[in-house]
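In what follows, structures are represented as structure tokens.
Here come two complexes built around chain A, the first alongside chain B, the second alongside chain C.
Here is the complex of A and B:
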């Protein structure tokens, strides 16, 4: 069969030298950025906590996006995505490290959340919520949600890994069985987590859409990261025949689709609150339009939606790997801007005040997730070599 | 059309169509339905549908001649069954668009056996839905001036474009137009097949006109498939936009229970949920009456059950989120509305809704139930009922206890409300039965596309 040749051409294992080089660079970056962050903590704890929360929310949402996609691939029996699924799984596999990385958030609740302040008990609205919004339950909920995420990500990853050796179809069935309840679990827990970590920064405010908004942004940045990782491996000479322009075309469709879906969710949330014009709801946007924060609005409207929407729409641009790569990087940045705009106006109420700790925290948290991701590529195949649908995927073409 | 290479291993890619049939058999099996006298069950169904359609005529005539006071709408429940039924019908249409557009783009090839009938249901459901806002104006002959921005000296009316009801007019009419185009474009090759098989010149003439001179040449197929793909692309945002805009009718208000940001995606999921339930209810019957078990296999039905499980669970998730956030908001009006929904005078409707919409689809977790036709038929009817109650609960419970206890009330339907609702079911069934009788209910040419792969796989090709 013709597609057997593809397999012969690609090396599914990273060379140990490449692996070690990247690992060392990541470790160095992690070390340097955490030292810098420790200094930042000593200098300005408030700023540190907020910069850290943006970074933490960013990478958790990204990893949750990966978990969502792995589950959806299993539930729909997708064949086109088999060669990229192991990379998805490796991103998903970083979730358990959130249990460690959430600690600075937990210790920073007093800096972050008004509901931890003594005045909250006298606030007529907040006093009614303190049974839910308090440090103990905040920690318990974080433990339960991260625990569940870790369980599912570990299970899905290990099933897929064991398939590498045995190639059994039973593994595919097991993954399906875990994915169905997994998606339900993911929506419920991710919503609650987004309420706790991000929405409760404005503890008087609420939006039923918020969990969906958080997950959508995460899924989008995940898809962008996945494309970026595939392209990076490609430029290093890996998976050139396993992830071809046909696969990039489909990944590009997802990037486009999620950009639109994000806009749909963001617009609906904004429009309904704007239209209702209730002070207790509009306050959230009011705060985020104060001073120079208002310049984030055109950035998100155009940068997060209109520009990628029009550029990614034609078939040709999804198959142009340079363009696709650029927009993958762009969406990674845009999701950061989105979260930054959701979180930072609580600290800098008058306008944007970028601090050196913002990028450093992102790099520090990202490099830890990156190291966990990278450890999954050591001496292990880059694609699920035992997946029963692999041949179908290698022969896949869009018409 | 977009293709995946089909893997020969049947445990991964079970055949979508059963029996070792050739192309000709599929053509015969489906075309014959439109060429012969219908079976007695068809006449029996018409015998039910036509009186109901007559009832619709009576109710609407009475309404127009008397005024909309004949409905149970009151103060504070200014919207009653009319808008409930409108949203219910619009929702039912969504399965067709989802199957024809989104499942097409997702390369879900099992859609081929069910898309035609589902798309037809979309059109008929939109027709039923349109009746309610049209007749709620009380003077449907003037409705065009209210609904469309037509300059007029006569009524001195100019539309309020800031009103989501106005957006609804555009959303629904776009939806109806695009769905009709999509449906018709898909029909063209099959209409040509019917033309070529026709024995009587009249039949040949009618199908000849309808099939727009289709000859089935390679270049025609090329254009056809491109047109189909473009229409699928255009329809995909419509799946989301129509019911999102319907949800805006409620959510842009400041009423607790209506004004909540999760409404757009939650309404879309609910619409797809109810649409699949209706498609399943009717297709199970069609499949049985016309012995289409080989084309609409148990696998198709099982997949539809899975879609209902997924969308039903999303709906349940949305109910939960709303309830939780109502508490979390610590806003006494929000909290009251939701407690009143669950434990107030409409508690019976609320719990019916929960039972039908959230509990009943959970049975689809079990493969035994997903593959049992009696079980899925009963559950699909529960879901149809549940989704009607969802709209009723949202509308009636949020309105009936206004901010001041002095303006509290209760909605009771009159016989005209009930008659109009049952009447639109009659209209829907009549149109659907006519469709089954005169047009190919399964997309012949698309099923052949699926069959092509099976045949070539069996021959060891590829």
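Here is the complex of A and C:
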């Protein structure tokens, strides 16, 4: 039902001046932070590698969350999300740059992972895992996973872009055909990637749920970032009628739902280990609750779940853009805390030791992904103008 | 006999009331959801308040146009969900740590960690019951008799027609005026319906 009064009169193109200003500031931030990071590398290589891994895992998971959501929109034939889908696709489009940004991780495997150490060959458990956990296969798996992600993200993005011009339903069908195997591919490869990059920091330990945990956290921070980007564009005067409170309401529902799903996954992993109480499994939590690391537990339990869960539950708070914007920013921070808590206790075993390289690495990696994201907004429409469901989306109304 | 029993029980639709109105109201029949919405808005502007719309599928905007308040179902579900949560804690704590203390595998008699699945399940169970039963209650289901079906074209609301009833309970109700009014809004068939 397209009520004509919902017709949007938005400018779908960023003004070139705005685009250039943001591009220049992003480029400046990227340059400054990478120079600082290079200095950090020279000063303390160990700290650099760990700070970098947190930042890299953060933005890879975020971009994978974007790819997951683009695929889900196609598979479900969603109409409500059409006006935000191009922004999703632009975040997804940043994935190929991971091939470049993974390089410091590959060169840092000796700093990061116990399985690269000489002692691993004599370890009764690790010696059996070395056929899988070794530098050659680490690189091969990274190449395959990032290659597959790049292929799917490029395909989904270019199909959507070509629809801008021709508006053909064929584009929607092609995207659906890519999305179904894409979701399967994504969960398998994201699991492999998270096993390699994050889980193998504790090479004795394993959790089959870890891939879903990684992807859920990424999807959550992606949804938070998407809301933040939409609100930023709105405050700059863009897409005010295309992304209305009805759409924010649905984005808010996703943010709410993902905090629940994250808690579900994180707790399931914890509860099974608590119940089994086996030394080889509890060691993961033991390390992460040592010293002042234990203060991360209430932060994650309340900050990552209970507070956003109860605050975002009522309809009114999902339609309150200030509150929604605050929690978008909050969840962006919480996902960082979650990854920091998963990765850093390996380096700082006694307790939390925040280093200046932690935020700098996050900004450095983030600004590169940000530049790729921003390049997709240049002289291109901010929404998929040729999508057959666009009309339906503009008239969208929550029941 | 059954009817009088229902009436004694005071079931919806069977209320015995000395001042029971003879008429349910006037119902108009519209071609499209847009026509229906326009008619509702015009009627509201004209001061009618007691109205009900009947359509084969949910029409976006009808609730707002009719001035319906938000459903209290969410709050009912919340209360019942929290009741389930409290029940689950009480159940596990009392059976495990009070009534029949038994140490299993060195675990505490009561701990939050293994209790969470039951807390979650009972919250969801009671919330789901509240959602379904609360929906039935708020919709006054089951209703065994409804005057709406006295309208000769009531079946259209399950097919392709969009109906609007201005009920006799409306303080501004006047059968002839309402009939003329709905006709002027574009109704294809307007009828005074018996209660």
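A few comments on the model shown:
To be clear about the criterion, the second predicted complex is superposed on the first by the 391 of 399 C-alpha atoms of A that agree within 3 Å, B and C clash if a C-alpha of one lies under 4 Å from a C-alpha of the other, contacts with A are read in each partner's own complex, and residues count from 1 in each chain.
Throughout what follows, a residue touches a chain if its C-beta (ideal position, glycine included) is under 8 Å from a C-beta of that chain, and two chains touch if they have at least 3 such contacts.
On a predicted model such as this, the values are computed, not experimentally measured, just so you know.
Clashing of chain B with chain C is the outcome of superposition onto chain A. Contacts of A:275 after superposition on the shared chain: both chain B and chain C are touched.
By the document's definition of touching, of the two partners only chain C reaches A:315; chain B does not.
For chain A, the partner touching the most residues, choosing from chain B and chain C, is B.
Of the two partner chains, chain B and chain C are each touched by A:397.
In the superposed pair of complexes, A:111 makes contact with neither chain B nor chain C. After the shared chain A is superposed, the part of chain C among 19-27, 37-45 or 127-135 that runs into chain B is 127-135, by C-alpha clashes.
Residue overlap on chain A between the chain B contacts of one complex and the chain C contacts of the other covers 1, 271, 275, 277, 395, 397, 399.
Chain A contributes residues 1, 3, 267, 270-271, 274-275, 277, 313-315, 395, 397, 399 to its touches with chain C in the complex. Listed in rising order, the residues of chain A touching chain B in the complex are 1, 76-77, 79-80, 125-126, 128-129, 132, 169, 172, 180, 183-184, 187-188, 191, 195, 206-212, 260, 264-265, 268-269, 271-273, 275-278, 280, 388-389, 391-392, 395-399.
Of all the residues in chain C, the ones that touch chain A in their complex are 33-34, 58-61, 70, 74, 78, 105-107, 113-114, 116-117.
Interface residues of chain B facing chain A in the complex, by the touch rule stated above, are 1-7, 9, 11-12, 106-108, 237, 240, 244, 248, 251-254, 259-265, 310, 313-314, 317-318, 320-322, 325, 328-331, 365, 462.
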